[in-house]
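Letters A, B, C and D mark the chains in the order given here, with residues in each chain numbered from 1 onward.
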Amino acid sequence: MTTLTGVIPPVCTPLTSEGEVDAGSLTRLVDHLLEGGVDALFVLGSSSEVAYLTDAQRRVVLDTVIGHVGGQVPVLAGVIDMTTPRVLEHAAVAVAVGAAGLVATAPFYTRTHPVEIATHFRTLAARGGLPVYAYDLPVSVHLKLSAELLLELAADGTLAGVKDSSGDDGGLRRLILAREAPFSVLTGSEVTVDSALWMGADGVVPGLGNVDPHGYVRLVRAAAAGDWEEARREQERLVRLFEIVHVAGSRMGGSSAGLGAFKAALHLRGIIDHPATAVPQVPLDDDETGRIGKHLAAAGLL
Amino acid sequence: MTTLTGVIPPVCTPLTSEGEVDAGSLTRLVDHLLEGGVDALFVLGSSSEVAYLTDAQRRVVLDTVIGHVGGQVPVLAGVIDMTTPRVLEHAAVAVAVGAAGLVATAPFYTRTHPVEIATHFRTLAARGGLPVYAYDLPVSVHLKLSAELLLELAADGTLAGVKDSSGDDGGLRRLILAREAPFSVLTGSEVTVDSALWMGADGVVPGLGNVDPHGYVRLVRAAAAGDWEEARREQERLVRLFEIVHVAGSRMGGSSAGLGAFKAALHLRGIIDHPATAVPQVPLDDDETGRIGKHLAAAGLL
Amino acid sequence: MTTLTGVIPPVCTPLTSEGEVDAGSLTRLVDHLLEGGVDALFVLGSSSEVAYLTDAQRRVVLDTVIGHVGGQVPVLAGVIDMTTPRVLEHAAVAVAVGAAGLVATAPFYTRTHPVEIATHFRTLAARGGLPVYAYDLPVSVHLKLSAELLLELAADGTLAGVKDSSGDDGGLRRLILAREAPFSVLTGSEVTVDSALWMGADGVVPGLGNVDPHGYVRLVRAAAAGDWEEARREQERLVRLFEIVHVAGSRMGGSSAGLGAFKAALHLRGIIDHPATAVPQVPLDDDETGRIGKHLAAAGLL
Amino acid sequence: MTTLTGVIPPVCTPLTSEGEVDAGSLTRLVDHLLEGGVDALFVLGSSSEVAYLTDAQRRVVLDTVIGHVGGQVPVLAGVIDMTTPRVLEHAAVAVAVGAAGLVATAPFYTRTHPVEIATHFRTLAARGGLPVYAYDLPVSVHLKLSAELLLELAADGTLAGVKDSSGDDGGLRRLILAREAPFSVLTGSEVTVDSALWMGADGVVPGLGNVDPHGYVRLVRAAAAGDWEEARREQERLVRLFEIVHVAGSRMGGSSAGLGAFKAALHLRGIIDHPATAVPQVPLDDDETGRIGKHLAAAGLL
């Protein structure tokens, strides 16, 4: 596999009002993303509500997306679970359905250690059967993958890349400048994509890319063409659009507020049938949804 | 189900050197615990390495233990996973195999909220099919269940009890004094059992109880008989024995060090065949195992 | 100095409505505490609002209290500041006014390290001119003093004791059982005093002791006399009284809520003239004060 | 005062081997910075070891720097302390010596609340006598100033700006795009200066600017001239130079490692007489200093 680059949205998982995967909406969402020009897809990440999906539902998502994409772009599969043995089970499914790579966090729930994190990724690389991307998500995993560890695991071929959702762009840059050998550095930020690309990042995995894939594709293409002013213009429009994740304030958790906003926007845009999020998330109310509509209009998306 | 009381060890999961559940060792461990006089068993908790077991392995543990116990004591089942839908899947298995109750944490990995935590437990109580015990484990879940929330969920019948592994004995006491209606307050501490019982706790779920169930049973019986001096004497012996979890220092994670110590001790005592812990934990070395042997000898267990 | 034992309340600092130290109220508070039978006083701790007092105000507190006490009981002085050089300045004042000991935290605000914490306490012991007590307060200092470090600093004579306000009674017990040589272990808990004494703690430094010193003195004396039932009865009454720190809920910070409650109670009991807390804390409102009055009445204090 | 812009280094505080302020070295350092073309100076920030300086030493620093600068550039003064009353004392000194503005964090050590943080800054603005800049430093203060709060305090004129050392460049950008009225957004990052300027930041406060002010001035001037390629080239050189803060690894705290590296580099460059840092920081050893020398050479600074 060559180095992963470009726009790789973490695909939301549309649900029915009963909480089941809405495969029809999911394929429409995939069409929306492909039509937007994205370079790859990442399913079963945090934006996919992976933490809320049963194993059977995860399988439905993989089958639906990979089947529908039919090889047009690579599809990466999140294998999010607490420790190596459980992650390996998810990896086996991902291999069976034809995923192009695995995205895995460090162990969580357990009290772990850098030595164990290294063993975790090395075991996954040895037995997982696909290229492994580290998912650096301190808000969920409660630890930050250090540049030292990532560089060590890049150098020995364990990792094919990292999705950095830590928000620490200084750390991202340190990694970019210090890496040797092929190693994809992907930012998970919605709002510093132009600057991450400026620093040398290879690609972007923005949850907001579900709502406006065209915007992120224009942004990345402008940057690739050296038109940084245009890239910034797109980025600033998207920064303002990203305010949708704040409309719910503090009356719910950050996952409910963010994923609920993405789904409400997709529903308002007519792409998915239901804005439902999984239990026990709090649904957005009509006022919040109305404000999301205004943000969409201001961004030229309604 | 009546209020749960007494000594309820969180049963370790012996593994083969290939990382599979060692059912023979597991039944010997169960015999060791029953022979020690424990009042119930808790399988698939943190001390069981639940975070490392695949779903198939979890099922083997449930079948093995519940089958072997044959109704002599209640067996609680941990249903440890990230959110409600995944926890409900584990609950269905627990019901199918005949568990007596479910032990569940708040959601983790996601960014959650008290309102969502309440919905989580209420959904589990409504659909799980068994009494629900909250598992308060901030070191893993990265949040503390507040006394206010627990009391609300006790009052409305959602929760049958709590296993408090937060280490906050002041909070434990606040809960004990404020609860109304039947609600089991169980301490997860190894080292403040006499004082927790003194405060009115109903029972104890000590990981170290795998190694020395007789000690914890003597402790609890002495307390029940009002012989607090004897309870303290036992407790202080067990506090000293609990130093085994510190022999590995900081060269590995807390889970490796603690679970590795329990298993090394069980192996040294001849109860389980292998001291192996699951990947990617770091094994204890000979020196560390030797020091654990000395602690066992000092505690009169070798 | 012999080992410090018994009830050592951290003395609140009454303020005028202009935010100055109210020396008249402070001496009445000291009389209230001495009349209650306390064994020593601790001024300029967190309950004294030390973080809010200017250096001049700290000096007024020291002069007022030490002058008024006139040697009847030892007076410990908090020397709370970010690092060693600033702490040493406070220590020099404490020596000058006749304090009996220094109470110091680990460095805070800076990013520190166990080696530096050891140097900090050793420097303070060498140059501070008085016995040094470590103040373990993770909620403020954002680190926990490890048992290993405290035992090392106890063994070499650096520390005369520790005020443990970590809430981790398991850690407290580990320290009690492992210490050698004279080393005072004092709990900062309001609600686990009977159990801490049961474990072997030497004394208690409860903020709530400002409001009800007689209660804590009765508790400690009952425990010393072996009447643990009576100790528990007092403790449980005090646990219920301690609910006053929760009446303000989450509309203000924990310091405002807790210190405001202590001061409101002291004002309602007629001991201090104003319930004012320092800027920028939020004052309690009439409803909250009313509820504190009810708690006082229920505890037999109004 | 007009909006603060450009390079505003947080001036290190050279110390003698006895731990006193080395005024001769300090004035040479100031000359080095002015000669480098910086736009303003910030004294008594974290990079100045403000947490380690006594009040008398802080005064020496202010007098030395402001006296020596003689109005050539504005000098901002850190007023770092736990709460409002103590911060106001430092502000009075800053006014007396002719500082151009105050830099203050949220309250720390106490358990605070957004309402209290707003009162803190409003009180400081009302009584401090100088423009107030918020210092957002979660690594020290253990909270992040929210964009909502900063924007509210910008809109009502409380704050003249913010020094954002949170490392969260997405949050920085949100602030830049949402602010109205004059409000200086300054990044405290050493390594994302080009991108912060690209996003619209007004200036930079880099600790590494002590070592290489010319580099940061070239970077900022290139950006101002629209020569972003040149800005990036400078920035990448400085990212590599910034590795000096990592040479000490984990054998000391982050403050020792970072401030020790800056001072070692200034000493190696012949600007200050001693590389000493304040007690209880750990000094760098010869090997570490040697590696810093190599980094300086690679950056063209030796």
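Rule of thumb we're sticking to: contacts are C-beta pairs under 8 Å (C-beta built on N, C-alpha and C of every residue); 3 or more make two chains touch, one makes a residue touch a chain.
Note that the structure is predicted; figures quoted are calculated from it, not measured.
**Q** How would the chain C/chain D interface be labelled, same or different, where same requires over half of its residue numbers to be shared?
**A** Comparing the two copies, chain C and chain D contact each other through largely the same residue numbers, since over half are shared.
**Q** For chain D, which other chain has the most distant CA centre?
**A** That would be chain B.
**Q** Determine the centre-to-centre distance between chain A and chain D, using the mean Cα coordinates as centres, and give it in whole Å.
**A** It comes to 35 Å between the two C-alpha centres.
**Q** Counting in whole Å, what is the centre-to-centre distance of chain B and chain D, each centre being its mean C-alpha position?
**A** About 49 Å separates the centre of chain B from that of chain D.
**Q** Taking each residue of chain C in turn, which ones touch at least two of the other chains?
**A** Chain C, residues with two or more chain partners: not present.
**Q** Would you please name all pairs of chains that touch?
**A** Chain-chain contacts present: A-B, A-D, B-C, C-D.
**Q** Taking the complex as given, what residues does chain D use to touch chain C?
**A** 19, 46, 51-55, 57, 80, 82-86, 89, 107-113, 115-117, 119-120, 123, 139-142, 251-256, 278-282
**Q** List the residues on chain D that touch chain A in their complex, please.
**A** 167-171, 173-174, 177, 189-192, 194-195, 198-199, 228, 232, 236, 239-240
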